[in-house]
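In what comes next, subunit A is part of two complexes: it sits with subunit B in the first one and with subunit C in the second one.
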Partner chain A sequence: MTWTWLIGAVLFLVLAPVIGGLIAGIDRRITARMQGRVGPPILQPFYDVGKLFEKESVVVTTAQNFYILAYLIFIALSGALFFAGGDLLLIIFAFTLAHVFLVLGAYAVHSPYSHIGAERELIQLMAYEPMIILAAVGLYMITNSFYVVDIAVSTVPAILYLPGVFLGFATILTIKLRKSPFDISTSHHAHQEIVKGITTEFSGSTLAQVEIAHWYENVFLLGFIYLFFAWNPVIGIIAVVVTYLAEIFIDNVTARVRWQAALKSGWLAAVLGLVNLAILSYMMLGGA
Partner chain B sequence: MQTLLFLILFPILVACLLLFVKRTTLRYAVVALSALVIGGASIYLLMRYAFEGAVYFAAPSEAVSLAMVAIEMGLALFIVYMGAKFRNYLAIVLAVVQAALVVYLETTFSENLHAVNNLFIDQFSIIMGLIIGIIGSLIAVYAVRYMETYHHHHPEVRDRQKMFFFVIFIFLAAMFGLVFSNNLMWVFFFWEITTITSFLLIGYSETEEATKNAFLALVMNLLGGVAFVVALIFLAATEATSGGIDLARVLASSDAAIVLIPAVLIGFAGITKAALMPFSSWLLGAMVAPTPVSALLHSSTMVKAGVYILVRFSPVFAGTFAGFSIGLVGGVTFVVASAIAISQSNAKRVLAYSTIANLGLIAACAGVGTHMLVWAAILLIVFHAVAKSLLFLGTGAIEHRVGSRDIEDMEGLIVRMPRMAVMMFIGIAGMFLAPFGMLISKWAAIEAFVQVPFGLVFIALLAYGSAITVFFWAKWMGKLIAVTRNQEKVEKGFFEEPWAPLYIITGLVVATVLLFPVISSTLIEPYVLAIYGVTARLAEANVAIMLLMMALLLILPVSFTLFRRSAKHLPAYMSGRTATTDLQFTGSLGLTREAQTRNYYLAEYFGEAKLFLPGAVVCTVLILASWVLAGVAL
Partner chain C sequence: MSTMAFLKRSPWILHYDASSCNGCDIEVLACLTPLYDVERFGIINTGNPKHADILLITGGINAQNREVVENIYEQIPEPKVVIAVGACAATGGVFRECYNIVGGIDKVIPVDVYVPGCAARPEQIIDGVVKALGILEEKRGKMAGAARTKEEARHAEQAGEST
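Let's turn to the complex of A and B:
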């Protein structure tokens, strides 16, 4: 019994890059179809990352390797904690720590493009942080626990109590998945920018680590989405798939907004979540 | 009891001695030795009383109380004199009103002004004692060399170092007195001493700005002082039910409604001292003082007296609307002050705003006052004192070498002053990152507020506030660690402050994280248990994970050795127009130009001009509401 948490963590550490990479591959395919292209093979992200590892090691400053390695490790750690059933708040804080390392890596290289990318990444962080905390609080109010292990086995249909929180979370998910219209610090798409924002100065294996961290992160975030539907695994998985497809759709029909709009959207999403929680706590106090 | 008396009296002795010491080397020896003695005594205090719960001491009363009143009158006269000299009549009025109220209290209720025990010690006082004794005396040591350099840089300022160190040590004595007193009259006496010392130290440079800001701080703190005396009069008048001026009896009083009124008034005094909105401006003004003063009085100790008293009274606030309202003052201050910090590029002002914000957070915990929140509040006090003093001292040392306290000028500090940059990095991490201290406390606060009715308001404030906090700290960190090219090391200056205090405090920032389960279980939990009958703690599994994260962070720098130093180095991308490696590019007309990077300050959205007034108005309304609610409860 005491070992089950470890299984979750290990499975995540081993499988998440595979699943994350596959999702990225499918994402690119669907995106291509939406744009009337054929698109690359599903396994293309793996080829890309594999090739990055074979590139010559080129840096602006040696320190950048350190920050990116720390980023990868702490992203993997927070995801592993999540799938081990750990405390959601602690997971969120570890997750923030990881992103701060990415930002620091971009600052460390002291380059105009990555500097602006770093500032914008911080604005994104500021935009999504309130909502992600509120999402954890919302799940707590429903299940009386901050532990993923308790929330995941809860029989309460959280989504029915937390529709506003879910919508708010879906909004900031767009930021987290680096999708339009909120891909303000760096984008997957060449049409958004030619110089790659926060990742401008990262290349070779360092860039590969950023990419793998992103895969880990996406799997973790989809796991978070699942928690809203955890009372029924089938619906849960369908919901995760539908949510992700919706994100791809939004990514393709919108153009990047200014940072002000991104920040406002993130914070308004949190207001939506708050209203939801306020009504919920009113109901729980016995008001209705 | 001897240790308590020693800790109060010994600094006074040293202070008097320092009045006669002129040479810096001798002063350094005296201060360093006394720091060692004071620090040692406070650690002895920990070992002696940590496991005994609250211990009370009768201590001499009559003569001491008389002397205190006499000194208070003397101080009032001093304020009147200074007020007349600098034409600040508001200060005179407040000082006179306060003195008149004290006289009224002494004459009308003289038979009610006896506490059975004048001094006491419990785990919370031990924690405060350790902060004052260790952090406080380390700052004093740092200050000796700092002031020497300060006068070298500012020849126009009159050298009043003897007075400076006299006041610093008087202040340390007053702080010990404040946290060890069970007699509220004594607490008030020491409270007023800290106000005066703060006034004197802010005005140290005698410039017009310094004098103005010193009076601003004085007036606002006197306002709190007046509220404090009114609370004392109320307590004395209702001695039978409220317990009079005996802190322990007041807190144990069964008549909650009666005690709530003085609690709210003393809470107001706490709000002014902790510089919560709308009184935050005095703490900003106080930044004109030499940096050790900011570190000692205006971040790690004196302003903590404000939240100390709030936390002491939090059992009274718990579950009342008045307390909730005071908590909201703290919560709103936390968000607004953090947001304004985004727009500041002056390092000391960022630190000041962050201090105000964190004091607000502590006040929020204290006002709502459930057992978990008190636990979180005390934890916040500890972690904040350690990390913030490091940041202030660091900023002072950087300013003396770089010649600026602007964050933009700290760019590339990792190249110019590597050791300093690492210490600042750790200090900043201590303020907002997992697994460091402040974050543990915020986390505990979120978990605690979830369980409080209407706690959602605080959750919202915390959620937004934390997000904002990440932004302004992370961009500062980024400036520090930017690896700039072609710059020299300036770590060694001509006048060197001893860095030992910095190293020790940096060690403490890390140590408090590693030792925090011990600090919690030996000091904070027993205190909370004694008052509430239940206690709070983090789940063991989570503590283990935090320690794991800390270990990872300590190990990760080793990875530097793994990276091939021989890796090819290229200049940063400059759109293909790179001229040299240090951000020079080939501009039009064949000219070489330099690219510069600046952080975002977003003043248009988060500026003082935009946010201060709304924040101050909301907090004023909330303070008034707390009075009305306390009155209604009666």
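Let's turn to the complex of A and C:
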């Protein structure tokens, strides 16, 4: 029984890159179909990462590789803690620390584009951090536990108590998945704007590590979505799929906003979550 | 690692307009549209030389962008190929007599594939990229081979030192 947490962590570490890569491939295919194109093969993200490992390693500042490795390790760690059923607060702190390493990596080099990307990443961090913590608090309020293992087996339909928190979390999920309208730090779809933002100076295997970390991150975030629907696994998986499809749709129909609007949206989402939690605590007090 | 060939399945292109009249540029961008959709082959139009595998240049070199082209070429990690798209990129085209034009791209950096035409058609450009993939694969093989020889030499040297 004490070993079950380890199984979740190991399964995540091994399977998340595979699942994350497949999700990225399906994402690109659906995006292409939405734009009336055929799109790349489903396995394209794996070809891309494989290619990046074949390329020459061009490093300006050696510290950047260290920071990116730390980014990858801490993203994987926070995801592994999550699937091991660990403490949500610890997971969120490890997750934030990972992004601090990414920002430090982008600041370590001497490219103005990389620095702009790093600044924008910090703004994104400020935008989503309040909401992600509120989501953990909300789940705590209805299950009386910060532990994923307890929340996942809870029979309380979290989504019915936390619709505002869920909507807020879905909003910041757009920031986290690096999708339009909040794709401001990597400039994924607008290549000429700030070259490639935070990843401008990373190439070859370093860029591949950033990509793999992003796959880990996506699987972890989708797992977080599942927690809102954990009382019914079937509905949970359907909800995760529908949420991700909605994110792809939003990515394709919206234009990117400026960083001010991204920050305001993130905090508006947090206000929505706060209102939800306030009503919830009022109801709980009334009920008691 | 060297036996796997992901490179030709995932060529990322950096498009640079040297001094094109925009005719070829529009044809290059047409390749990204739903009609031709080069992303089918994993081709991505990146804006960053450090992420690129293929440098695709339209127009001839002029006196002012000579250093820019050299700089971009230097920044692309090996293995890399250069495609000169259009008559101007090949020879300077109708502008070759102009006072500011140096000539075709090969006056400044080595070119691997020439795509003729004024303007080059999207089908021709895609064909040129596919040709370039073969050359890219060849260069990757050579690079992996050179790395292996170097590694073996280093091991041999170490073995020699230890005895």
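What we mean here is this: the second predicted complex is superposed on the first by the 279 of 288 C-alpha atoms of A that agree within 3 Å, B and C clash if a C-alpha of one lies under 4 Å from a C-alpha of the other, contacts with A are read in each partner's own complex, and residues count from 1 in each chain.
To be clear about the criterion, a contact is a pair of C-beta atoms (placed from the backbone, for glycine too) under 8 Å apart; a residue touches a chain by one contact, two chains touch by 3 or more.
Everything numeric here is computed off the predicted structure, so don't read it as measured data.
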Which partner chains sit in contact with A:58 here, subunit B, subunit C, both or neither? Use first/second/both/neither.
both
First (subunit B), second (subunit C), both or neither touched by A:75:
neither
Which holds for A:100: it touches subunit B only (first), subunit C only (second), both, or neither?
first
Scan A:35 for contacts with subunit B and subunit C and give back first, second, both or neither.
second
Looking at the overlay, what does A:213 touch: subunit B (first), subunit C (second), both, or neither?
neither
State whether subunit B or subunit C is in contact with more residues of subunit A in the superposed arrangement.
B
First (subunit B), second (subunit C), both or neither: which does A:142 touch?
neither
First, second, both or neither for A:48, with subunit B first and subunit C second
second
Is A:201 contacted by the first partner subunit B, the second partner subunit C, both or neither?
both
Doubly contacted subunit A residues - partners subunit C and subunit B
56-58, 195, 200-201
Quick check: in the complex, which residue numbers of subunit A touch subunit B?
56-63, 65-66, 69-70, 73-74, 77, 81, 86-87, 89-90, 93-94, 96-97, 100, 103-104, 106-116, 118-119, 122-123, 125-131, 133-134, 137, 140-141, 146, 195, 200-201, 260, 267, 270, 274, 277-278, 281, 285
Considering only the defined contacts, which subunit B positions touch subunit A in the complex?
411-412, 414, 433-435, 439, 443, 446-447, 450, 453-454, 456, 459-460, 462-464, 466-468, 470-471, 474-475, 477-479, 481-485, 539, 541-542, 545-546, 549, 552-553, 556-557, 559-560, 563-565, 567-575, 583, 595, 597, 599-600, 605
Subunit A residues touching subunit C - in the complex, by the definition given at the top:
28, 32, 35-41, 44, 46-51, 53-58, 191-192, 195-196, 199-204, 207
Residues on subunit C engaged by subunit A in the complex (per definition of touch)
1-2, 4-7, 9-10, 34, 37, 39-42, 45-48, 50-51, 53, 75, 77-79, 140, 143-144
